[in-house]
Amino acid sequence: MAELPLYSGLEHFRVTGPAPFVAHVEIHRPTKLNAFHEAMWLELGRAFRQLSVDPDVRAVVLSGAGDRAFTTGLDVQAASQGDTLSGGGAADGARRAAHIRRHIVEFQESVGAVEKCEKPVICVMHGISYGLAIDLSCCADVRICAKDTRFAVKEVDIGLAADIGTLARLPKAVGSTSWVKDVCLSAREFGADEALAVGFISQVHESKPAALDAALKLAGLIASKSPVAVQGTKELLNHGRDHSVEQSLRYTAIWNSAALQSDDMQAALLSGLKKTKPRFEKL
Amino acid sequence: MAELPLYSGLEHFRVTGPAPFVAHVEIHRPTKLNAFHEAMWLELGRAFRQLSVDPDVRAVVLSGAGDRAFTTGLDVQAASQGDTLSGGGAADGARRAAHIRRHIVEFQESVGAVEKCEKPVICVMHGISYGLAIDLSCCADVRICAKDTRFAVKEVDIGLAADIGTLARLPKAVGSTSWVKDVCLSAREFGADEALAVGFISQVHESKPAALDAALKLAGLIASKSPVAVQGTKELLNHGRDHSVEQSLRYTAIWNSAALQSDDMQAALLSGLKKTKPRFEKL
Amino acid sequence: MAELPLYSGLEHFRVTGPAPFVAHVEIHRPTKLNAFHEAMWLELGRAFRQLSVDPDVRAVVLSGAGDRAFTTGLDVQAASQGDTLSGGGAADGARRAAHIRRHIVEFQESVGAVEKCEKPVICVMHGISYGLAIDLSCCADVRICAKDTRFAVKEVDIGLAADIGTLARLPKAVGSTSWVKDVCLSAREFGADEALAVGFISQVHESKPAALDAALKLAGLIASKSPVAVQGTKELLNHGRDHSVEQSLRYTAIWNSAALQSDDMQAALLSGLKKTKPRFEKL
Amino acid sequence: MAELPLYSGLEHFRVTGPAPFVAHVEIHRPTKLNAFHEAMWLELGRAFRQLSVDPDVRAVVLSGAGDRAFTTGLDVQAASQGDTLSGGGAADGARRAAHIRRHIVEFQESVGAVEKCEKPVICVMHGISYGLAIDLSCCADVRICAKDTRFAVKEVDIGLAADIGTLARLPKAVGSTSWVKDVCLSAREFGADEALAVGFISQVHESKPAALDAALKLAGLIASKSPVAVQGTKELLNHGRDHSVEQSLRYTAIWNSAALQSDDMQAALLSGLKKTKPRFEKL
Amino acid sequence: MAELPLYSGLEHFRVTGPAPFVAHVEIHRPTKLNAFHEAMWLELGRAFRQLSVDPDVRAVVLSGAGDRAFTTGLDVQAASQGDTLSGGGAADGARRAAHIRRHIVEFQESVGAVEKCEKPVICVMHGISYGLAIDLSCCADVRICAKDTRFAVKEVDIGLAADIGTLARLPKAVGSTSWVKDVCLSAREFGADEALAVGFISQVHESKPAALDAALKLAGLIASKSPVAVQGTKELLNHGRDHSVEQSLRYTAIWNSAALQSDDMQAALLSGLKKTKPRFEKL
Amino acid sequence: MAELPLYSGLEHFRVTGPAPFVAHVEIHRPTKLNAFHEAMWLELGRAFRQLSVDPDVRAVVLSGAGDRAFTTGLDVQAASQGDTLSGGGAADGARRAAHIRRHIVEFQESVGAVEKCEKPVICVMHGISYGLAIDLSCCADVRICAKDTRFAVKEVDIGLAADIGTLARLPKAVGSTSWVKDVCLSAREFGADEALAVGFISQVHESKPAALDAALKLAGLIASKSPVAVQGTKELLNHGRDHSVEQSLRYTAIWNSAALQSDDMQAALLSGLKKTKPRFEKL
């Protein structure tokens, strides 16, 4: 499938348009099992900031190229050649800390662009899905996987606490704290069924193609609905996670005081009555 | 069963007293599958504000009249005849927004009275349970349903983001964010088993009567216990949802510094030893 | 197994060292089914404050002595002989309240030392696990149990709302609010399978010895990893529970700006490549 | 001046319309130096909930009738005849607490209606302004006083901690915590100059009539401006007090995404250029 | 004046009882201008934890012995001999960080005991009041000083950001952020008049004895009032600083639901009418 | 003075280096009294993001070119020619809102870069300082002004609530809420003395050159100190504004666990003893 022109300059990601208003973002570094290095996550951030405001996109599917891995996570070899861990070479502990801190913040912001993207993002996982794979998928809205997926919050095994988002988002994405701490502290692998049982994943499919197909169907369904309604729903659910119910209700009322001034409701209601497919203006 | 006199003036709800200290509130607009219009939710709010301080009530069961629906949600026809979406007819976007905002806030406060009710509320769902059905049940403490229940966070399909509480409360009521976003963004139906698996519902029964029976039994059990203990437990669980553990512990200590000055503990302990049924003063 | 000398003065707890860097804390009041009185929880607090900074400990297993109970909870008889509920004998409601409040706060802080312990704590439950058993286990990081465990949030049955942490922590430890409110309001018993299904427990084993064995294996695994990574992971997960994702990400970046200035990453990576067991400095 | 018809049924307050879009609310119980009893604060709450949505009101001035007192605060005599402090006559400390709690909450909500009023409220104080006078004025937006005003956070002198809002709002209304604690802990009187120096008051005038005149002028000025702009400003300032800067900025952007869809900007700009007085639609 | 027996074992503080229910705590290391070393701040923490629950104390005055300094702050010489800055001698940056972190937390908790003390604390400053002097006085409720006081947030001049509380509490204690940042970033000295003008101090007196005298008078006045009212007022003001107005109002209602069950109101009212001095039970 | 090469490409700002480690940023659109249009605030954001990490900058002074105005605020003419207020030309209220929201957020982030700049920013105001002038200066750390400065929170007069930060930051920057609401609701002008009295400004000087001179001196002083200490102090003060004291203390301890691993303390102490000027490594 042809790449969407707006995104054709990306080096490590392929962005195609498999259906109207649906963008498919593929992590594309197949020679390295889609492992991430710095230029790559910076590119990821730029891509999702663009998708966020692209009026031709209403839903995004994110997957990894190749059969073996969604992504093996951080490219440790590349990382160890950079100067981050040496703190930019500073002799002083405080200055090394500043260097490291700025680096982590930039990394977090790049990956966090997936969560901040105004359009829903459906993540399709398969094969090895280690470390950064978890950070990244936690930023997506819906997680779907193939039966063969091998998940691990792997960071402890390379001597660090995960710092790109897993420890902040995973406990809020699944219901069992005991399970979260088990997998985060032990760095052990878990499979698709376990991920489904605890609610990290909401669908498991036989194979990567089947999972991708399901994701594209869901994305197509979402993209067929009012973008005012869909994007408002994503925004309000994300806001709700980090605020009290009372704060959320107030924010929701303010949000909808503008969002309800839309023709989409009329269009949606009419098409519901007439059994036709509604058309919604771009957003 | 006879209506409780204090609530006999309600037009769209029937409130009966099937057991000591138990009130059963039935949404009662059977000709319209219990769909809600404005006068109805205002009445709902008044009813639960009364139940909250009614010393003869210690547990509440909320269900919908008829075989086909707990409630189909908002009465869209009635809503489209009101002046809310036209912003009270104002020409100006800002003034329309103010009109809509006040309307949403009033709607939220009416439905929110179920959550604020000091007595536990057990919600029994069956048949069609769309849109406002979810907002409403999210305000209850325990959710029980019949096997035939057809749930949907339906708002996206009529062109808006749900604004009466579902997006604020549902993610805090169940463990899987991926699932929550799936059903909220797609507006798809889900059934009783799925609702049980993700923890939205805590019991599924063969039929509406069986579900109602189970709810009344649970309500009866709760109503037989110390109202100081029960109402304190509801308050502290609700407070905890929106505060840090540390804030919660402090609030709990302050709350119990008065609540432990009660004869109920003595009564509960004695009746435990003597295998008798304790009597507790009204609250 | 011999007690660890540093903890040999404890009266109601036995602390042994079954594996390198693993401490096993056993609640040890077998004549009373491990029921807690005041001196006992104060001792518990002191023990875990010590474990928190003990460089020879990297993971802790907490279990209860005897076959019949992890703990039956508060020793109600002992409590009723104390002067807490009489408010220290004060005539005045406000002064009684101050007395009770200080007592609850001290009790909360003692039990909370398990949560604040910088090393991961794995709690193994079996038999009767009522009341304080839940408060206590909610402070642990991972919960494992034997098939025979009988759990209950029992406080309502003795006339009070649980105030040592269950109502603050349990809803954040499991995904289904409907289930949490059911068991907290009804005080009913639930078993291991139900606890597993809702995610309160993350492993169920055939017997107490099997559960203990699994816990010690997990503790051993965790203790073999970088303590910088492990303790950072616990800290960041606990911080995340009570803060927004954005606050968490920032805190994480600051934390790791120092934690990444460690030799553990190098050691972990090398041993990964060489398939050897890394050695980490004490922490 | 004639009372505004909408408010003519009030027993303890006189509401007049001294200028276009300005309402003047006078506490009017001159025989008792404007001391408040329960029926009176309930009426206050109703009045301000009405003013909040009254399209003919854009600014409110609140003052006290008579020469001697804005208000002496709670009518202690009336309060001691009620059943609040006896906890509704309950024998049990927990039940008395519930009774008292509900009473305080209702009292807080009545007085808080002044803060929640969507239109700015300018409070004019003079003479004795004790206890509830401070709670009440802390809910206003701007505080102006006569030189003879005698302020006191008097509650400690009648044996209680102020609970209708002073302790929550005063520290956020003035800059010096040391001063706030001094006057709250000592219950001492302070005068207009001291109140001005610490920023509690923003204008002091020679006499009550002069202060009232200044307040009416300010109210008139505010009422001449875009109500979209004015009411948005009040809302955003109140929101900001209780949220982080980041939360505030986001809320502001959402709020103004509707509020900027107004003709008022055009009208304001044009009238600025033409030196004419703009006319704004009702809100 | 004789030391209070309960506190006579303190090495670096003298605690006397100059008036009924008033304790005077004097920092007493005159040979070193009251500079603090580790043993000293640990002792400070213990002393204030005792004062907090001492029923014979209702108000505390804190001052520094000698003519020249309230305190010059941290004893830098002693600190440089300890092993804190060397991180306990650890080679590894992460382990040094853990060592330093635990040290700072313990230091913060010791000084924070002044703020957590349930009884009001009036701090009297004079002469050199540098660094820790500001941290410490920010924990007090009321700050009074002599004209000769020389204040400085001195930490930047010894190469660190103040970490014992000044940067957290000072901006919430005074109104002008521009001023706070000026003195914290420049480490410059400021005098009593400037401290008064910005509201850091609420009274300035001619000399240390005059300031101490004023503090003792204020403490005596506070100690003569209902301890239920006074201690509640302190608690609620401290709670309010860190919570929204809405959270504060709720907490206040819960607090007073027990606190109003006191005989102190009756006693206070009667003595007000009879112009007698009320007697209040211990707390 | 020559522009700093790194910033010489800026069109609307001149950045010079008047002293070691000091950058002077001048708003430079003299033909329009420094009024801001969109390209200009985007440039401002980029400039301060660069200053934030520029190791040759330790303190920043921000002022406006010309004699008459710091800045008159938003260039209303330019704004009315853009498509923001028309919501990008969308017909639909919801889509117009999305367009406006994105525009405001981008504007807020550009101006907010001044606050997020890791180095302290001293703002020097003079002449007309309206609207955006207040938003902008509220992001600075220290505010200094000339006697002739004419301040106004002018937005209400052009029909909108200020949305670039004034309403979020001003109430937290000064102590008197009554004053803040007065100037924000009335849009009236206020002068340097009033700004000083309420603490918005911390120094007033006779003329713009005198004010600028004072700012440069202060910047020079700050730049001569340990950048680890200075930048930590700014970070912790900003963090503290939006968090509870307890959260702040914890964050501070984590921050300093790395920051104290610095040679700056040794250097600062030694130079203090030797009366020499310390040299600090870049940061």
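The letters A, B, C, D, E and F name the chains in turn, as written, and every chain counts its residues from 1.
Here is the rule we use: contacts are C-beta pairs under 8 Å (C-beta built on N, C-alpha and C of every residue); 3 or more make two chains touch, one makes a residue touch a chain.
Owing to the predicted nature of the structure, the values given are computational and were not obtained by experimental measurement.
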Intersection of the contact lists for chain A and chain D: B, C, E, F
Between A-F and C-D, the pair joined by more C-beta contacts: A-F
A-D, C-E or E-F - pair sharing over half of the A-B contact pairs: E-F
Chain centre separation in whole Å, for chain F relative to chain C (CA means): 47
Junction residues of chain C, two or more chains touched: 93, 96-98, 172, 174-176, 198-199, 228, 241, 243, 246, 254-255, 257-262, 264
Complex interface listing, chain B residues touching chain A: 76, 80, 84-85, 87, 93, 96-98, 100-101, 104-105, 108, 112, 155-163, 165, 167-169, 171-172, 174-182, 184-188, 198-199, 241-243
Residues on chain A engaged by chain E in the complex (per definition of touch): 93, 96, 246
Chain C residues within the chain E interface of the complex: 53, 90-95, 97-98, 102, 228, 231, 258-264, 281-283
Complex contacts: residues of chain B adjacent to chain E: 243, 247, 251, 254-255, 257-258, 261
Footprint of chain A on chain C - complex, ascending: 120, 141-143, 172-176, 198-202, 218, 221-222, 225-226, 228-230, 232-237, 240-241, 244-246, 248-250, 252-262, 264-269, 272
